[in-house]
Amino acid sequence: MIVEGKQKIWADYQKDIPDDHYFYVRSCIRQSFWPASEVTFLDIVRNKLGKDFYENEYHTTCGGIAYHSDSIPQETAMTIIARQFALMHESGYENYVCSCITSFGLYTETLETWHEFPELEAKIRQYLWDSCKKEFAKPKYLAHASDMIYKFRFDIAKQMKFPLVNVKTGKPLKVVEHIGCHYSKMFPSKGFGGAEYPHVLVGMVEAWGGEVVDYPERRQCCGFGFRQYFVQANRGYSVSNTHKKFESMEPYEPDLIITNCPGCPYFLDRWQYVIAEQTGKTYGKNGYGIPALTYEEVAGLVMGYDPWDLGLQVHQVAIEPLLEKMGIPYDPKRKYQGVNGKDLGVPQCPMHIKSV
Amino acid sequence: MKENILIIGGGAAGMEAATQLQKMGLTPIIIEKSEALGGHIAQWDRLFPAFHPAKDVVEKMLDQVKDVKTYLNTEVVDIQKDNDSFHAVLSNNEKIDAKAVVLATGFDIFKAERKQEYGYGIYNNVMTSVELEKFFRTGKDERINNPKKIGFVHCVGARDVKVCNTYCSKVCCTTALKQACEIKEVFPDAEVYTFYMDLRMFGPGYEDLYLKTQKDFDVKCVRGRVCEVSEDMDGKLVIKAEDTLFGKPLKMTLDVLVLMCAMEKNKSIDAIQQKLGVANNSDGFMQNSDMYLGMNNTAQDGVFVAGACTAPKSLPDTIGEARSVATQVYNYINR
Amino acid sequence: MNSQIFHPFVLPFVLGMAFVLTYCFVGLIRVISQLPKDDRKKLGRSLVTPKTAWANIRDLFGDCLFHVKIWKRNPVLGYMHTAIAFGWFMIIVIGHVMLFTLKPLQGVEVEGLQGMFTNFYYPIFFKYFAEETPVFAFLMDFFLLMIISGILIAVVKKIHSKIVGVKRVMHFGFADTLIRFALWTIFPFRLIAEKTNIMAFWWLYSIDLLIFMCMLPFTRYMHIPTEALFILLRHAGIKVTEPRKGYALAELYSCPSCGLCIDACPMSVNDKMSGNTSAYFMKKLRNNDTEESQRIAETCLMCGKCVKICPLSIESCDIKFSQRAAVPYNINSDHSYLNVISTEAEKSQTNNHKPHVLYFAGCMTQLTPKIMRAMKQIMDKAGEDYQIMDENGGICCGRPMLLSGKVAEAKAMIEKNTELIKKSGAKRLVLSCPICYKVFKDEYHLEGIEILHHTQYIEELIKCGKIYVDRGDTKYVYHDPCELGRAFEIYDEPRYVIHSLGQIVDAKSEKENSICCGGSLGSFNLTQQERDAITENSVNDLMFNNPDEIVTACPLCLKTFARKSPVKVKDIAEIVSEKL
Amino acid sequence: MDFGFCLSPSSHVKMDSIDLTTFNRLKETNPDVNTCIACGSCTATCTAGNFTEMSFRRLLLMLQRGKEDEANKMIQRCMLCGKCTLVCPRGINIRKILLDITR
Amino acid sequence: MEYRFKGHLVDELYKDYRIKEGMKACMNCGVCTAVCPAAEFYKYNPKNIVNIVARKNEDDLEELLKSDTIWYCGECMSCVTRCPRANAPGLVVMSLRKLAMRTGLYMLSEKGKQQYIVVKDLCSNILNYGYCVYPRTFEYETHKEFGPVGKWINEHLDDIHARLGSNLDGDGPGGLRKIPKESLDQLKKIFDVTGATELMEQVLGDAHEEAVRQNMTDEEYFMSVYTINNAEKHLNE
């Protein structure tokens, strides 16, 4: 591996986005599965970095998941998006940042399509007016929330308490970075580092002391596949893709997977559980899996957030071995407790993969 | 009749044009930016389709131009047309007047790192066809370490909208097969694969070379473009392609991957070209005035083109064009 | 004249003779026992049936002693073979006649076993022990010299075969060379011994006989005793079943390796390929070289020319077929899909239209659609009520399957085609491809349906005035396709048709001597280059009289010749359709 | 636990681990097998191909990609008529190869 | 068989902007198939789809729309990155799916019928809650892979979201807040204006018809489509 080669590409694929004043749009999946991640993100950018990230209660889903499940027409998705942009405009913002990768891809695609086919843009403008009586507007800058963390990665490093280093050996943790397909595969120039060697997560990992693993199936999809997951009959496709990735990364013995898409960590996490149940195989050491975390969770960990405040207990794969490696203190008793130590019981332990 | 003819570029086209012009009684002057005449072909080991040593051809050509006035390590920095003569300023500050200009500036090799998914410059064992040729010439390349499996990828930087080159680079197919045979000669036990989309064997003896590649050298030709390259734990290359004839995706591990890099227009001449008023065609090469009858002519009187500056060309094509440009120049001078 | 009745020099001969007789007897029993039961009955019956008995006698003399067929083909060789075979036969006969008429042993104390023993060698060494009368002496010397003259020709043939009109001869191994020298020297030694009475030559003569007889079973000369058996079996109507058993064994040992088939074989265009000819096949198979004999069996074009030219009419192609079948290819054929094929013929069934003529183009004609087009034109013009069975693809006739020794699979195709043909209700089946024709004739049971090749059919249409053709002045040469000519002797019909269209010139080799085009699918192994060499040779032969066009009646020949011919190559149907 | 789905087999032709015994054996006796240019003439003319999926070009590829079972299944359709051999532009003795595959 | 746009499938397909964007000309290089996750696990080859679309043959297109083939794609769009002719097979598949739904031909394939599941689930989530995925409708029973932790989350949903800082079903901004009614109304209007409602009603109607035909309640039919998987037909080995 020649790092200079990658560095050259990273230098070529840097996009120009402002570092403050964003209209923040949430992700359906992140809110549902990793609710603490968005909380952490906003806490970091607002309170730790002092930036202006405005959230408006009227924004909704972008419809991207329904669009990519072919449940709604393209025009519908575009009009919902136009509505979101209009909300941003109404709130006096022109920088738009979204938490979801599917959204980010769809926003990018929509803006490009409008650019290429002005008549379609005109049609959507009309739809927006007919349905919501809102003024059509487009953002000046579009970013994904991981782009923000990437941009502030060195600021975060300055506040870092627990670098991505194994405290026992002193060696950097081996980190697999997994980029959501819709981040830059459709429009390479819209992602930090492009489509082939995206830098957005690599930059974070390296800034926080970790070592990135480049394994053969690095670029492959986690296997979500929208309809391929939503219908139970199709889930073989989804789990098989994740399986392929784990088989490929296994020899590198990664300590951690970092992702920027909200869906990927769900699949990379839960499919490890399914693979273990079905084949008895686990990919971490001693019957553990490999934790698959969101970038917010990783940022939170290195900045010293409490693991259970970060919501690491909602992962099926046990997080404790990673916390031990990083030397992060945690209270095992608090793991499954609710607000004010409310007893919520303990999830059952699976057969083949350790959850504690 | 001792008119100066300015030839920019001392490769095969420039040398051959100079040779012919000198025989016609004109005074060719070659401007070569590098330290020696010969161009790309001088860096080549053997030529397709019959494995003829390139050195033989280059030496003969060099011998023919030994009396031609030649500037090495020199570029044209400015040129102006005044009535029917050209005034050129060279990088060594010399000034040359000439009655006609022949652009024989040839080509550049596509920068393989631009095709990011192939990992050139990132994965250790990915190399270009030019580097492989150098290995044949010198016997040295640290990437080639008794390889067991070698792959060739065709159309790297050609027929590809994503790198803005939609044209076919013409000579890479035959070169790939030639190199595949040669690497088999060096490592007879190695398995050699080529990943092609079409094998464009357009010249005499080329199809025979193809047959020989398959039959005598047991090179395996797989129809399908490699979609991505990655590196495994042992530093071996994992490639993916579709075996399009079989209709299934294919995956394999290779020790060395050779990228058949396309020819691109030599852009170092752009400024002078602009001053001479010669436009580029849609492929980014120089625009000649007519594909059939005006292949050596440009929109500018007195400015001629020859060789790979107008499109990717093989050596015989280039020499043919160099000879025809000489006739065109001669007729122009005697008009 | 020596007055003793025994001398040790007779011992080698006696030993050899005893050996060879025992061997032949055992061999005879073996062949007979290997015959299927029915064949054994056939043999018994044929021996007592006057007609076959007469044929046996005729051929035993005609073929074994006088080599009539070789005479017809090459008188010099015919003389050579007759001189040696008949000459030798005669001196043995005369020796015995002398023994019984001159009675040299009368008064000598020999009785019982000793008498038999003495009678055994006496005629062979007669001159040493007894006096001949002048007439016998003359006869003996005459036949001895006749044999020696034959041997002289053989020596010349060995040294320079072209003098006697033979291009290629067999190449033999050590054993064959040794026994040949033994044979060549037997008679000169006898002559010298008789004339000089030098003891050494009597010894040499006897030892030569010993060598000859001991080696006989292991060399081509085994044909001398086997041939007689072979003639009997052949006349009994027995067919080859297995490549090295029974009848085939008799055929194998009857092959004298005379090499006539080598020159006849289309493959003998170069030295390398001439090793693929029948003579070598028989030799390899005789020597139990399975690999090589299998290879040759699979290389053979199956044009049948070697069978036609063989002085013994040995069915070498049949043996090759059985050899192919003996090492069968392992394709587990599954042609179940044939059952769901809906062809034109089947559709016609539902239309209730029963054509008079059913035309089956065959696979090869699919590659030469102009033949089918021409046939349609001809049949339209003749106002025939016809239907094309395989216009949109049909089932293979089954011959290739048979050629590769897969009988059961071929049967399945034959049955399906039979069903389709019978369903059509046609009375006549016209074929364009001689390959199909052969298999339809030999293997199909289409009672009440007349099978015609289109050459025959067109001839009939012209003869009965259903079509009229213009006669031009084009010079045609006709190539006899192997499976139309040699197999069915359809020689005159195409020539009649061509004659009514223009001038017809001769090829150098015609009719049963016609040279295979080289495209034959009978061969599995021949490479394209090898086939090309055969084709070129065949084309040169056809171009002997500078014709304007080559005419053939086989789609495969047409396609093959088209690759190499300097003039246009056409099918007979095509030239007829041009002149309608 | 029954999830209602399971891992699917991969269709990738895994060139690193395919078994080429049959093809290599074939190559020894018929060096021509290497020279196929996949033009499809054999398939287009195939008598069996009229009714089935039979395609020699594909069959050869199956052997090269280690799909011997599929190849053996396809070969059963062949009628051995030999038209493929006649039309092959590279002069490959296809019928011979077909026969040799099963030897 | 009669269906909407019969005889005009090609015209209708080429009206889709995703075809305009994603369908240039294919040179059959196969990179899309090589990189495609679906091609590895399904009987699927995006290159072949692009070829059929490029051929503009009505019959071939009809066959394609009726088949399972177009429903295998996971829309990861990896193919878009690599195509040397700048085609977007992923987008082409999306426009084919839309046409298959509008013509009703999607009901003729096992995988096509599954559109009922995604349309019903996702559209109701959007229209009722303003989210594509909503935790109260994401049940462990139909998502066993959610695992023991998922089951635990399901059982203590409000407590866990409260613990992790969500504003589940609350007012004002925050994660999983209750989307204000006026926003939901606007979403419904958008659905009406842009054709999503029509499409949704068609799919639900088709499914109901099919359920009646199969003597099932809508719920039974839903579960059968949700679980039926004739794997041999779809898998690629």
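Every chain is named by a letter (A, B, C, D and E) in the order it is written, and numbering of its residues begins at 1.
Criterion: contacts are C-beta pairs under 8 Å (C-beta built on N, C-alpha and C of every residue); 3 or more make two chains touch, one makes a residue touch a chain.
Not measured: the values here are computed from a predicted model.
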Notebook entry, point to check: From chain A, what is the lowest number of touch steps before chain E is reached?
Noted result: 1
Check: Which chains are shared contacts of chain B and chain D?
Finding: A, E
Margin query: Farthest chain from chain B, going by the mean of C-alpha atoms per chain?
Written below: C
Next item on the list: Name the chain with the Cα centroid closest to the overall protein Cα centroid.
Entry: D
Next item on the list: Quick one: point me to the chain whose Cα centre is farthest from that of chain A.
Entry: C
Check: What pair of chains has the most C-beta pairs in contact?
Finding: A-E
Margin query: Taking the mean of the CA coordinates per chain, how far is chain B from chain C in Å?
Written below: 64
Check: Once you find the CA centre of chain A and the CA centre of chain C, what distance in Å lies between them?
Finding: 84
Check: So, what's the distance in Å between the C-alpha centres of chain E and chain D?
Finding: 37
Check: Using mean CA coordinates as chain centres, what's the chain A-chain D distance in Å?
Finding: 46
Note to self: Two or more other chains touching the same residue: where does that happen in chain A?
What the structure shows: 195-196, 219, 232-237, 239-240, 244, 274
Notebook entry, point to check: Touching two or more other chains, which residues of chain B qualify?
Noted result: 117, 223, 228, 243, 248-250
Next item on the list: Could you list the positions in chain E whose residues touch two or more of the other chains?
Entry: 39-42, 81, 145, 227, 229, 231, 236
Next item on the list: Would you mind giving me the full set of chain pairs in touch?
Entry: A-B, A-D, A-E, B-D, B-E, C-D, D-E
Check: For chain D, which residues count as touching chain B in their complex?
Finding: 11-16, 27, 31-32, 34-35, 37-38, 57-58, 61-62, 64-65, 90
Next item on the list: Please give the residue numbers of chain A that touch chain D in the complex, ascending.
Entry: 232-237, 239-240, 243-244, 274-275, 277-279, 351
Next item on the list: Mind listing the chain B positions that touch chain A in their complex?
Entry: 113, 116-117, 119-124, 228, 230-233, 235, 238
Notebook entry, point to check: Where on chain E does chain D make contact in their complex?
Noted result: 39-42, 144-145, 227, 229, 231, 235-237
Item checked: Complex contacts: residues of chain D adjacent to chain E -> 1-5, 8-12
